[in-house]
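I have placed the structure first, in the form of structure tokens, so that the comments after it can refer back to it.
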Amino acid sequence: MLPVRPLPAYLVQRYHGWKATTFAENRAWYKRLAEEGQRPRAMVITCCDSRVHATSIFGADQGEFFIHRNIANLVPPYAPDGDHHGTSAAVEYAVTALKVAHVIVMGHSRCGGVQGCHDMCSGNAPELEKATSFVGRWMDILRPGYERVAGREGVEDALTELEHEAVRVSLENLMSFPFVAQAVEAGDLTLHGAWHEIGSGELHVLDAETGCFVPV
Amino acid sequence: MLPVRPLPAYLVQRYHGWKATTFAENRAWYKRLAEEGQRPRAMVITCCDSRVHATSIFGADQGEFFIHRNIANLVPPYAPDGDHHGTSAAVEYAVTALKVAHVIVMGHSRCGGVQGCHDMCSGNAPELEKATSFVGRWMDILRPGYERVAGREGVEDALTELEHEAVRVSLENLMSFPFVAQAVEAGDLTLHGAWHEIGSGELHVLDAETGCFVPV
Amino acid sequence: MLPVRPLPAYLVQRYHGWKATTFAENRAWYKRLAEEGQRPRAMVITCCDSRVHATSIFGADQGEFFIHRNIANLVPPYAPDGDHHGTSAAVEYAVTALKVAHVIVMGHSRCGGVQGCHDMCSGNAPELEKATSFVGRWMDILRPGYERVAGREGVEDALTELEHEAVRVSLENLMSFPFVAQAVEAGDLTLHGAWHEIGSGELHVLDAETGCFVPV
Amino acid sequence: MLPVRPLPAYLVQRYHGWKATTFAENRAWYKRLAEEGQRPRAMVITCCDSRVHATSIFGADQGEFFIHRNIANLVPPYAPDGDHHGTSAAVEYAVTALKVAHVIVMGHSRCGGVQGCHDMCSGNAPELEKATSFVGRWMDILRPGYERVAGREGVEDALTELEHEAVRVSLENLMSFPFVAQAVEAGDLTLHGAWHEIGSGELHVLDAETGCFVPV
């Protein structure tokens, strides 16, 4: 027997509120979405962090974004080795089955995963270096980004730079997936990098020319 | 040089709208969230599907839910093998670092991933059986659920049953993580299973006594 | 010996029901709230009136709102004279210790305190004018609001206008507290005015541009 | 012009949910409550603390409880000196105008106000001793309770004892109001003391015989 509990009452109450308002006002659309399937325009890859709501920031409603959220919005390199790869599966499904037109990787400030990566790579978090640390092994994906920041001169804010690298590394890894590269080359898909500052509400986007993040 | 493009203009426009309204009304809270860090009450594991917005359904705002989204809201079994495990990393971070009080696994109707799993397991999707299929290998997690549904008599709607199994399998796998089992036993964490029907807007929750999903 | 009595049985029974359901589903969260302390996002100042439940109206659960309730949701002017000031203490604690992001003053229709103020100021309630009347002396805080309504032309519903003034006067008085004004100016706090109509369930909010209450 | 902002969007959304469900299901009752006025059975005096919801714990709905909430659920001594006394006004209104049948004073564990009082009285919080500290001057009400705890032998948990004293002092002060004492003597009013432990969910009530708090 699974040790599950009923849903907390406050969530049940809020759900009923949603059902009676948002759902009721949009039931025809939700019915179509159910019957005809989703047709999202974009995939968004963003962090699990509770402070980051891509749908709120982009005013998106049901049906618009196919959203994958993981720690530090990372995409691992292409590795078709037969293992479970949740992020790669999400990318494959979005690009080959749903044929989304955009993939947006959005990082954010004060990212706990990026902080952990920084601590680990700089030798200050031995517990994350253990083989059994899921967070540590996941953040290994960002090690190439850490090396780049470490080798850069005049870095003022290493954590922000590393958050930016998390977006760049993910975009580079995305391009290592043959079906992504092909779709980009065929003009069927565009990639976008963004970074959100939680406290100030600012949104910065990755500029292809300069390779830098600039405010929109 | 990364082949990135500027953010689509309609998203930039919506972002500016968010900044001038929602952000402006809540800037003090977002500033505190940035400075003091997040303290989410619950982790929600749900599907990437664009039709499923847990935050909308539960009226949750920035800071309330730590959200992991992957294909078919699956949690793989505990496997500390040193590989990249995005879902396991998210669970580890939520339970051990953030110490969330609830983990809610929420499945949904018309799930493309579950449909794929059903096709694959019933021999109708050979392309998903390839070692190189990320979606196929990810949906392998649900094979035990498929076997249970296949062995059950009088199944009227095999896909819905399999969507329910996706929640049960994930909850079972969650309990295979030592830190999850310990937190549950210590009364520091409660687990919850839910399933959302997109077209009708209904929400069903997993009942511990009967093992069935019942409308709230 | 204090002349106390056991709690009425119907309340004991309801409490046991709460313990077995709502508490059981949320024990991990309540335990964390106990151990780590509260971190409410907002302070709500509302009336003691039994018909006004801010937590119900706003779907808020334990931990979300720091709530002060007094007669007619009034905030007195800043007066650091060494006397007991319960409302000022609550505001001071919320803003300086808890650092809430919002203070919401919510008035309501058919407010007995506001009615008493109107009767008193218009000479129809001599008993409230006595120095020994706690309600009368408390409602003195709203006298400037009464004067404004009395001096206005074309007032159709003086009581509703005075209920609105109770919110405005409280917000004005809030701004007379140096720590409130500083937090507002620093962007660490936003103030909000609202008025709830009990019978129709409507919610009106104070608009900064026009100074009027408008339905949400 | 008041520096007010629109209500945060998530609260507006939750409000609409409440309106469409809880309100819609009870509109006839709320209409009667609006037209005929409130007739609450009890007054509850409890803390502003966001973790204490008397209505949730006691399953109370609109119209049942007249609720005053201040820091540390304190009632000051009777002092008809013509100043603003918010708590005394609430008590006066409840007992003489609404004629409630019960006044319940409910304290709670981990009370920040009580902690502050303890720090102040033991010489560890000089900032609370300033004349300009509203929290300090408000917590002066509890000084007699601190003295009693300090003079008691074998005190294991001074803070919990002081939280209990906050209830006892308030009940004693309540009896100093002539209209309260008269109503109690006439059998028109009963007083009750309670203390709620946030983490364990326990509820203790003050026993008249022993003067101790015992679990219900």
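The chains carry the letters A, B, C and D, assigned in the order they are written, with residues numbered from 1 in each.
Definition applied: contacts are C-beta pairs under 8 Å (C-beta built on N, C-alpha and C of every residue); 3 or more make two chains touch, one makes a residue touch a chain.
Treat the numbers as computed from the prediction; the structure is a model and nothing was measured.
Minimum number of contact steps separating chain A from chain C: 1.
When the partners of chain A are compared with those of chain D, the chains appearing in both lists are B, C. Remark: among chain pairs B-C and C-D, C-D carries the greater number of C-beta contacts.
Taking the mean of the C-alpha atoms as each chain's centre, chain C and chain D sit 14 Å apart. Chain centres here are Cα means. That of chain B falls 39 Å from that of chain C.
Each of the following residues of chain C touches two or more other chains: 22, 25-27, 29, 31, 59-61, 63, 102, 190. Within the complex formed with chain D, the residues of chain B that make contact are 21-22, 24-26, 29, 59-61.
Looking at the complex, you find that chain D touches chain C at residues 1-8, 11-12, 14-19, 22-23, 27, 30-31, 33-35, 37-38, 40, 42-43, 48-53, 55-71, 74, 76, 80-94, 97, 102, 104, 109-110, 112-113, 131-135, 137-141, 168, 171-172, 175, 184, 190-194, 197-199, 201, 203, 205-208, 211, 216. Of all residues in chain A, only 13-14, 16-22, 24 touch chain D in the complex they form. Of all the residues in chain B, the ones that touch chain C in their complex are 25-29, 31-32, 36, 39, 41, 59, 63, 99, 101-102, 183, 187-190. Across the complex, chain B is touched by residues 5-10, 13-14, 17 of chain D.
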